[in-house]
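Per-chain residue numbering starts at 1, and chain names A, B and C are given in the order in which the chains are listed.
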Amino acid sequence: MVRFILSKLLYLVPTFLGITIIAFSFVRILPGDPVLLMAGERGVTPERHAELSAQLGYDKPVVLQYFDFLGRLMHGDFGNSLVTKKPVLSEFLTLFPATVELGLCAIIIATLIGVPVGVMAAIRRGSWFDQISMTVALVGFSMPIFWWGLLLIILFSGILGWTPVSGRINLLYFFPNVTGFMLIDSVLSGQKGAFASALSHLILPSIVLATIPLAVIARQTRSAMLEVMSEDYVRTARAKGMPPFRVIGIHALRNAMIPVVTTIGLQIGVLMAGAILTETIFSWPGIGKWMIDSISRRDYPVVQSGLLLIAALVMIVNLLVDLTYGLINPRIRVK
Amino acid sequence: MKTLLAMTSALAMMAAAAEAKTFVYCSEASPEGFDPAPYTAGGTFDASAHPIFNRLTEFKKGTTEVEPGLAESWDVSADGTEYTFHLRKGVKWQSNEKFTPTRDFNADDVIFSYDRQGKADHPWHQYIPGITYEYYTSMDMPNLIKSIEKIDDYTVKFTLSQPEAPFLANIAMPFASIVSKEYADTLAAAGTMEDMNNMPIGTGPFKFVAYQKDAVIRYAKNPDYWGTPAIIDDLVFAITPDAAVRLQKLKAGECHLMPYPAPADIEAIRADANLKLDEQAGLNVGYLAYNTTVAPFDNPKVRKALNMAINKQAIVDAVFQGAAAPAKNPIPPTMWSYNDAIQDDPYDPEAAKAMLAEAGVTDLSMKIWAMPVQRPYMPNARRTAELMQEDLSKVGVTAEIVSYEWGEYLQKSMEAGRDGAVILGWTGDNGDPDNFLSVLLSCDSAGEGGANRAFWCNEDFSKLLKDAKITADPAERTALYEQAQVIFKDQAPWFTIAHSTQYVPMSNKVSGFVMSPLGDFTFETVDIAE
Amino acid sequence: MTDTPQSAATVRLSDAAIFRRMLAEFWFYFSQNRGAVVGLAVFALLVVVAVFAPLLAPHDPTVQYREALLLPPVWQEGGSTSYLLGTDAVGRDILSRLIFGAQYSLFIGVVVVSIALVGGIVIGLLAGFFGGWVDSVIMRVMDVILAFPSLLLALVLVAVLGPGLTNAMIAIAIVYQPHFARLTRAAVMSEMKREYVTAARVAGAGNLRLMFRTILPNCLAPLIVQATLSFSSAVLDSAALGFLGMGAQPPAPEWGTMLAEAREFILRAWWVVTFPGLAILISVLAINVMGDGLRDALDPKLKRS
C-alpha cells in the first residue's frame, strides 16, 4: 500500500511541475501591461514605468522570473496581489471556505438524491419512475447552469420572495468566522435565526451547483446497479431466496458503489467550473468569482497562483479518490 | 482569539443599543485595502478615507470647495511656497483591541503620514512588499514638497518648490489622509505592520469594525468624533458588484442606498414609490481627441469642421440614454470657472462639408479609436464610434473604427504620430480645473508619460494654465481658466462629447444624503426613518 | 500500394458490404431508442434552422427597432405579432436572434469538435503507437491540462488570446483535446496487441499506414461517442464563456452572450432571459439524447443491458 501511494505521489511530481509552467507562462503572455492598467487614463512616465516594472520583477528575463516564482513557491510564498497588495495565499484561504461550503452542500445534495434515484431506477428498470427520472437527469446534465441560476432567482427571489438575492447571510447577523463555514459559524454564534438565514442564502446556489453532479451520479448509479444486478453472485443470492432488499442492500449496492464513489470524487473539477458560474450569479464570495475578477483586472500573481492552487487541489482530490478506490477494490493495487 | 474578543465586544455594543440604527450601503467593489495612501480606486476611498480618516483640509460636503479639516487654519507666505497649518486640538484617535491611543492627534501624525509616502528610505514606505503611492506620485507631490517641518505639536510648515494654487485641494484628496504615528509604532513593535492596512485607526466619523473579503464591511459610529457625530449607529457596506442585483437588494429592503444604477433601470427607479433618486452632473468629461500633430488634423479648421459634422445630441440620447449633458467645454459645468458663455459648435453637416472643402480636404479617411471598456464618462465607446462613423460619412469622411485591449489602448493612444482620433475621458480627482486642463491639454503632458492624447500644444493656452497655477486669488484664477476655455473652443483639439450624470437611488426612508461632485459616498449625515 | 489491382477490388467490395451491414445494424439499435430518434430529429431541425436562418428569420438579428424596446412576446399583453418572442433592451427581435444564434452554436460545436478530434487523434496515435518516452511526455502534458477545471482553463486561455468567438473556440478545443488523445491512445494500445496489426506489420505496412489505415478505423466507435458528448459540452461551454463576457462579443446573437446582455433585465423582462437559455438547453439536450443512442448502438457491451 505504501508503495502504491508513493508511486502515485511520484507520478504527480512532473504533472505538478507542468502545472507551474502552464500557470506561469499563461499569465506571462496575457496581453496588457499591469503597470499601465494601474495608471489608467492618467498615463505613466517611462521612468516611473521602469521603476514599477522593476519593483514587480517584470523586467527580468522570463526564465529567471519562472525560477524566482518556483523558488518562492518552495517557501510557500505565492506572491502578492497587485490590487490588494496582500499575499495571494491568505486571500485564497479566506475565500476558500465559502467555495468549499457551497461545493460540499452541492455534492451532499447530489449524492443524497442522486444515489437513491439511481438505485430505484435500476430496480424498477423500465418503469415510469425510471423513465421520468432518467429524462430529468438528462435534462439536468444538459443544463446551462448560469441560466438555471437566473431562472431560480427570478422565481424564488423575484416573484415569490422566498430566498435572498445574494450573499451568504443576512447582514444583521454578525459573529466571528471561526471556521469560515457560515453554517457552522452561525450555530456557534448562538444567535437566533442566524443558521436559518445562512441556510436560506445557501440553498439556491447549492441547488444550482448540484444540478449537473446530481444528474451524473443518478445516471452512473443506475448503470452501475444494472451491471452489478446482472452479475452471477447477485442472481445466485436471489435464487437462494434472499429477500430482495437484502440482495440490493448488501450485495448489489455495495459493489455498485465503487464506481459511484469514483464518479462523486471526480466531480470536483466539474464543481470548480460550476462554482465559477454559480458564484458569479449569486455574488458568492468564493474563489471562483475571485478568479474571474482577477482575470479581468489582470492581477497576474492572483491568476497565476490561483490557477496553481486550484489545479493542485483537484490533483490531490483525484489522488485521494484513487487511493480510496485502491482501498475498496484491492485488485487495483496489484497493477 | 483577539479578533473573537473584539467581535464579541462589538456585539455587546450592538446588543446594548437595541434600537441601533443600521444603515446598509450596497457598495460596488471590494476595497483594495484600508490604508488610503497606496490605492487609487474610488470604491476603496469610500470604504477607507471617507468614513475612517480625515485630512488637513477637506472638501466641503456636496462641493469641491476646500474647508478646514484637521488643520483649523493655515497661512500662506507671500510667494506662495510656504504653507503653515495650525492643527485642530483635542482630536481623538480611534481604538481597537490592539491599540489604545495615549495622546491626541498632533503634528507628528501629519509628518508621518506624508513622509511614509514621500521618503523612499522611510521604514513605513514599503510596509507591504510591492506597495506604491500612485496618487502621491501622480499629483507630483515628490517634486512639489521640499520639506515638512514641525514648528510645535500643533503647527506644521510645508515648504513647496514652487507656488501651486491647487495644493490645498490636493491635500484634501484621500491619499493625503492622516494616519496615527502612535498606532504605526505599536504595530511596528508588535511586528504586524500589515495591520495598518487591515485594521485602520483614524479620526473620522466611523470606526472600522470588521471586513469579510468580497462580502461585508462593518463600521460603528465614532462617538468621540471631533466634528458633528454621525446620526446612524452602524454602517454596513454590502459588496454587490452587479448593478441588477444591487437594485434588487435595494427594492427588497436589504440595503438603503446604492451607487451606479444601470442606465436602463433609471426609469423604473423613478417609477418606484419606495425609492427616490438623486442625480447630479458628474465631474467628468468624455471626448474624442484628434492627433493635432498629423495632417490634416493639424489644421484647426478641419477639426472644427469635423466637430460640426457629428451629432452630439444623438450620442447623448443613444449611448448615454439621456443620462448626460452634452459637453462644450473640457471641464464639467459643476466645476468652478466653467465658462458658460462659450457657444458650442452647431451640428451642421452642410457647413462642415463647406469648411472641409475650403480647407482643401477631400476624400478624407480617418480612424476612430473606441475604448474596449465601460467607464463612468463613456458607457459604450463602440456605439459612440459607430454613430460618429455614420455622421462623418454624411460629410464625405470615411471613418474606420479600431480598438485594442485596454492596457494596450492606453499605451498606443499616447504614442507619438498616432493614426486616428481617440475616444477617452477623465474623471476629476480634486475638483480643481487644473486637474483637467493641465493633465489633459497642456504642452507638458503632450509627451511620453502624459495624458494629452490630442498632442495639442498651444503656448497661449499653456501659459494661462501656468499663470493660474501660481495665482492664489480664486477670482483671478477663474478669469484665467475661462480664457483658456475660449482658446480651447477656438482651436478644437477635441470633440467634447458629454458629461455623464451620476444617479444615486435610495430608499424613501433615507434622508440627509449629500451627493458629492467628486463621486464620493459619505454617510455621516444620513439618517433612516423607521 | 503493392497489392494487385484485382485483390484490392474485392477487398473494397466486401468493405462496402460490411459497411452497409454495419450501418443497418447501427440504425436498428439506434432506432430502438425512441429518445435518440427524437434527439436526432430536433438536431436535424436545428441544422435546418441554422442553414436557412436568413430565410426564416423575420428580422435582421442586429437591427435595433427603437420604437419597440423590451416588447413582450406576442401572447402577452403589449406584445406585437411582428416580434413573436418579443424584443430586447435595444429593440432587436429575439426570435431572429435565436434563429441566427443556432448558426453560432452549431458552428462552434463543429469547429471545436473537429479541432479537438483531429488534434486528439494525432496525439493519441503518436503516444499509443510509439509508447516509451513519447507516450510518457505526451500523457503527462495531457494530465497537466486535465488537472485544471476545464472552464477555468478556457477562461484563462481566452484572456491570453483576447476575448472573441474564434479564441473561445480554440480555447475550448484545447481543453477538450486530451479526452480524445486518451481515448485514442487506450484504443490504439489494445488494438496494437491484436493479430491483424501484427499481420499488417509483417506484410510491411509503414508506420503512417498502420496508424491511420489499419488501427484508427478500429477505434472509431468510442471517439464518435466522445465527439457527440464534446459537441454538446462545446455548445454549453462557449455559451458560458459568452455569458462571462469572454466568448462571442456583442452584438453577435450568440445565445450565451445574449444571456449576459439580458442579465440586468431579469426582473423586468423574463423573456430576454428565458428564451436564449431555453434554446441552449434544448440543443444540448437533443445532442446528448442522440449521444446516448449512439453509445448504445455502438458500444456492444451496453447493447444487451
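We adopt the following convention: contacts are C-beta pairs under 8 Å (C-beta built on N, C-alpha and C of every residue); 3 or more make two chains touch, one makes a residue touch a chain.
By chain, with names taken from UniProt: A, C = ABC transporter permease subunit; B = ABC transporter substrate-binding protein.
In this text the structure is predicted, and so the values were computed from the model without any measurement.
Of all chains shown, the one whose average CA position lies nearest the global CA mean is A. Chain pairs B-C and A-B differ in how many C-beta pairs they share in contact, with the greater number at A-B.
Of all chains, the one whose Cα centroid sits at the greatest distance from that of chain A is B. Each chain gets a centre from the mean of its Cα atoms; for chain A and chain C, those two points are 25 Å apart.
Mean C-alpha positions place chain B and chain C at a centre distance of 48 Å.
Note on chain placement: the centre of chain A and the centre of chain B lie 39 Å apart, centres being C-alpha means.
Contact with two or more other chains is made by residues 162, 263, 266-267 of chain C.
Shown for chain B are the residues in touch with two or more other chains, namely 242, 248, 405.
Multi-chain contact residues of chain A, defined as those touching 2 or more other chains: 31, 158.
Remark: chain B residues 3-4, 7-8, 10-11, 14, 22, 24, 32-33, 38, 40, 128-132, 134, 137-138, 194, 197, 210, 212-216, 218, 236, 238-242, 245, 248-249, 252, 254, 405-408, 410-411, 414, 424-426, 439, 445, 448-451 touch chain A in the complex.
Looking at the complex, you find that chain C touches chain A at residues 35, 140-141, 143-153, 155-157, 159-160, 162, 232, 236, 239-240, 243-245, 256, 259, 263, 266-267, 270, 273-274, 276-277, 280-281, 284-285, 287-289, 292, 302, 305. Partner chain C is touched in their complex by these residues of chain A: 14-15, 18-19, 22, 26-27, 29-31, 135, 138-139, 141-144, 146-148, 150-151, 153-154, 158, 223, 226-227, 230, 269-270, 272-273, 276-277, 280, 291-292, 295-296, 303, 307, 310-311, 314-315. Here chain A touches chain B in the complex through residues 31-34, 36-49, 52, 55-56, 80, 82-86, 91, 94-95, 157-158, 161, 164-168, 171-172, 174-178, 283, 285, 289-290, 293, 298, going by the rule given at the top. The touching residues of chain B, when paired with chain C in their complex, are 242-244, 248, 262, 264-265, 268, 405.
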